Amino acid sequence: MTHHVAILGASGYTGAELIRLISGHPNLAISAIAGERKAGLELADTFPHLRHLDMPRLCHIDDVDFASLDLCFCALPHKTSQKIIVNLPHNLKVIDLSADFRLTDLAEYRKWYGDQHVAEKLQGEAVYGLTEFYRADISSARLVAGTGCNAAIGQYALRPLISTSAIDLENIILDLKCGVSGAGRSLAEYLLHAEVSEGCGAYSVGGTHRHLGEFDQEFSRIAGRSVHVQFTPHLIPANRGILATAYVWGDANVIHNILVKHYREEPFIHVLPMGETPSTHHVRGSNFVHIGVIADRLKDRTIIVAVLDNLTKGSSGQALQNANLMLGEVETQGLMMAPLFP
Amino acid sequence: MTHHVAILGASGYTGAELIRLISGHPNLAISAIAGERKAGLELADTFPHLRHLDMPRLCHIDDVDFASLDLCFCALPHKTSQKIIVNLPHNLKVIDLSADFRLTDLAEYRKWYGDQHVAEKLQGEAVYGLTEFYRADISSARLVAGTGCNAAIGQYALRPLISTSAIDLENIILDLKCGVSGAGRSLAEYLLHAEVSEGCGAYSVGGTHRHLGEFDQEFSRIAGRSVHVQFTPHLIPANRGILATAYVWGDANVIHNILVKHYREEPFIHVLPMGETPSTHHVRGSNFVHIGVIADRLKDRTIIVAVLDNLTKGSSGQALQNANLMLGEVETQGLMMAPLFP
Amino acid sequence: MTHHVAILGASGYTGAELIRLISGHPNLAISAIAGERKAGLELADTFPHLRHLDMPRLCHIDDVDFASLDLCFCALPHKTSQKIIVNLPHNLKVIDLSADFRLTDLAEYRKWYGDQHVAEKLQGEAVYGLTEFYRADISSARLVAGTGCNAAIGQYALRPLISTSAIDLENIILDLKCGVSGAGRSLAEYLLHAEVSEGCGAYSVGGTHRHLGEFDQEFSRIAGRSVHVQFTPHLIPANRGILATAYVWGDANVIHNILVKHYREEPFIHVLPMGETPSTHHVRGSNFVHIGVIADRLKDRTIIVAVLDNLTKGSSGQALQNANLMLGEVETQGLMMAPLFP
Amino acid sequence: MTHHVAILGASGYTGAELIRLISGHPNLAISAIAGERKAGLELADTFPHLRHLDMPRLCHIDDVDFASLDLCFCALPHKTSQKIIVNLPHNLKVIDLSADFRLTDLAEYRKWYGDQHVAEKLQGEAVYGLTEFYRADISSARLVAGTGCNAAIGQYALRPLISTSAIDLENIILDLKCGVSGAGRSLAEYLLHAEVSEGCGAYSVGGTHRHLGEFDQEFSRIAGRSVHVQFTPHLIPANRGILATAYVWGDANVIHNILVKHYREEPFIHVLPMGETPSTHHVRGSNFVHIGVIADRLKDRTIIVAVLDNLTKGSSGQALQNANLMLGEVETQGLMMAPLFP
């Protein structure tokens, strides 16, 4: 049985990644791809790497026939997304890849994003899209909010530990190394090749990155108390991939055991043998997460290193995994392709 | 029906690429992966990006049960390959990714590779593996010689023109821009990141690159006369991808028409609209070839720009495409994945 | 004796490169740096790598005290430059790094740049700034037009040959591999890291690149007849550096001898031993040009490979070299720093 | 007055960097460059970017006339260095860039490097070469031990704080992002372009990196008690540059004030305005260190981000700075060149 889907915001990187992934899915068909600035163009004009696909032209959102759809992916910019989604048919399944529906607390949303939300009611309805931890809710959801890519990798590294006493919740440091595609196809000086290549810098330092809103919401929810981590992202000269180095206070073997046990049945999450470390090279273009646990020379200090591809498992791959759940497909359908290396 | 295959030389990049591709093929199963230096190791120890696959350990070639195989891929180094293949069961289908069986003329082989061949009889038997041009021969072949990656892209750009009078056969210049993975996983100073990144140099200049043997053989065969092109490769700071810029004397519209017509039914070869140019970004990780044709401002000068991924269409993807033909599978099976961009 | 200079357009890459170079010059002092969009800012706010220098704030062009200057560098965008320069004091020495004064023929200017020039009289007065070939004129010039970076490297490879009978003037092909900084600090999608890294594409194919205007003007002038080359640039994933591969019809030894002899006394131009090839890695950040000559396997075909750093010898280094001549300084002053490798 | 120096180990990256820097120093002359594997070659054969320099051929160490030297730089591999230095004339000033003389405690040396030292007496005599902190000792030293590049940047970020009560000495985390040239010109798989480009991984995780020996020695010496930091390096796809992110417990304003005050007179160390963060892009090819201090959202947590170029300030630039002190030259001589950006 074929499910018909549309992609709104198809001229950005997460939109293109959705098309790439869905093109390998046997039971999903793309009925419409919308991109306001590029409406009327062939897909190949904006993404020549998808030239081989038989796709409709890019259209205006208003021209999408939503009644014929089984599900709609929204890969629109933050703040634009909520304005569109609030007006979609209320029975249409929607997966939003923006930040607009990740935070359920209205005050937290305003704190991190600075604006009144235009779809507050939907905020409460939306399910947080970290598949492995909200599987049942996602399966029956109408609206799923894709997670931040940084928030995803940090949670994969730490979530199973938060509700245990294995680590000290007062002292969690997340140091991230992020590829540039996480910032999207934006025309900004700091994203130019000449400014990125061959160097590294920190950004949103000091606890100002918006994905902290997700960490606070999720970790506090699990712990049943307020948990605030330190989180510092760094931009590295790579297109895809995030490597999270988590510094925690706790015993490495205990931590490794918890993670191994927790993720044992997960098809996409691989906990490496004790002491091994992953690389973003090894998940590029795939939906996999690799997690390593290493004991520091200092007693009761453990380093957890986790990697994912921000465009796949960190956004569009996650979205397709959730779509599979929402549409009654096998969860891994279209997502088991091997990473591209080198 | 499942076909059982082995990969000899699985610790190099073309070996890993074969495993990546075959892991997405519904009807091929990998029975053995051999790598002499790494025999006994788990695949994940040498290629952590393939960690998610259920694969046998790396073994010695001598430990492979060839009798149980339907086909064997040899991704071994040049000169090693012939020594192994000459001793394989003579009814076993073999696809060799090395240079050992590409040249059918023994003298040409010695000229370009400098050694006596140890399997001269097989040289005559081997079919040249440029799928789109040797489809029937490959389908019934016992031994197929994968082409050089540079030789492949040059031929895709030019072959349909060689037998016509559309271009001047005395004046063909091929200027190639090549990613580093074409040189394999070799420990050589010129392949270090610090020597490759952020720069560009020419190599094998002056008509000394061995893939010229293939150009000479194939183009002369087609033309029915001796054809010798100029070919200069350059190393660029990219892992995958070759861009060939061909300078020819002839009318661009005539040339474009010939290429469009020739490749119209080919699933992997895309001739762009007249005047457009391709980029290696747009075929990375895929089995596609993009070809652009542009008229120069100088009368009767045409520029043909063609791209492929050297590890996919230029070697392991080509090998799988040929295996599909040899095993009676649909030719495109396991090979229609979209390129990875960005 | 200290010469006082200003830099107009100091917030772009060529402006920053001028400041870098002048900071190492013992007899030049920067009195003013102007950048309209960033006027009022500290230099470190737009170029943190120049933080250690004691520099004036960025100002508006109108706020520069031109009367106190010995020379003014204009690193402004094309078309803006002419509007500013036409209004500068008419006795002020000016070096323009834009394309505005490179073409002396008004019709050629309109053909390549599409507009009426606002300072036609100055066009005739301007000296073409390829130092090694216009030394005397530059020394006494009031206005010098810096060359295109692609035009510079092509001319270094070919100029000494054009007036001889060593090569066939009907058949000259220039295939260039160019780093991204040649396009400046522009916000364009094709300059984003995610679009440039790990790939290669051709651009301005077919003889449409504006630097062809310079090739036509200069080569025809030398030859005393119309000479039109083929020129195809390619964008490679590197920040600095251009590698030009020139395909010519002629004897390699004759060509090598002419180039060796011509450049023997030049401090910045190095002709490599016969058969050796250069790399852009080996001139990065320096004012040097390396030129290699290689005989092709085909009789009377020669390949000339030449490299420079587009921001140094291709623009700002050239500008400083010309400034030295115009101000009576030693020509190499401030320019003999070694390249940065790796 | 000209000082005559030799460089032992001139075929590696730190050797080449020494030559680059010294070529811009008015009072140092290179009398000999030794490289065992490449003895007899021209320098341009191993480092074409230094082709413009008038240099002696590479020779054997045994062929160096040490009696004629004022100072000798040893850029040899670890463990080789001590064997050579122990046999040099005992009155010859020596700067060693290897790890052999950094640790003064013999047991610590064996713990981190695993071998008996062959020049234990010299170990005690050697001065630790972190210029800004050992200026007087270095000025009068006979043998100076260059620091580890990671150890250098970590100390620049933290040393002025260790002897104060501004930070908690029990909780110091150093997360480093390192370019590949720190590993030298070594033929290792993990240093190949195809393995480094477009990705990021951690290495020597868990407190196993040898530079920890230096942190322990120096920080404990300053504190007057045992201080052990956590230190985790990551390899990023860049040739030069290290970015250290230090997580400390203490007040950001207090910390910023201490650093500003401490480095106020230092020509190479720039503490940024409170809240700003540096990038490795901004020190490439230079002898500068940029340090940023940022308050985290969590009370009394501070992030210090510091950058240097590992080949310049982290090794060869440091060596030349020390040589200036040892030879009575102005400390900054030959070292004030601006960074190369982009």
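All chains are identified by letter, namely A, B, C and D, in their written order; residue positions are counted from 1 within each chain.
Here, a contact is a pair of C-beta atoms (placed from the backbone, for glycine too) under 8 Å apart; a residue touches a chain by one contact, two chains touch by 3 or more.
Since we're looking at a predicted model, the values are computed, not measured.
By number of C-beta pairs in contact, C-D leads over the other of C-D and A-C. Counted by residue number, the contact pairs of A-D are over half the same as those of B-C, the matching pair from B-C, B-D or A-B. Averaged C-alpha coordinates put the centre of subunit B at 39 Å from the centre of subunit C.
In this assembly, the C-alpha centroid of subunit A lies 45 Å from the C-alpha centroid of subunit C. Chain geometry summary: the mean Cα position of subunit C and that of subunit D are 36 Å apart. Looking at subunit D, residues 13, 181, 194-195, 197-198, 237-240, 278-279, 281-282, 284, 342 sit in touch with two or more other chains. The touching residues of subunit D, when paired with subunit A in their complex, are 171, 173, 175, 177, 179, 194-195, 197-203, 205-208, 212, 228, 230, 232, 234, 236-241, 243, 245, 247, 275, 277-282, 284, 292, 294-298, 301, 303, 305, 342. Per the touch definition, subunit D reaches subunit C in the complex via residues 13, 16, 19-20, 23-24, 47-53, 181, 197-198, 239-240, 270, 278-279, 281-286, 288, 290, 336-342.
Touching subunit D in their complex are the following residues of subunit B: 13, 180-181, 185, 187-189, 191-198, 237-239.
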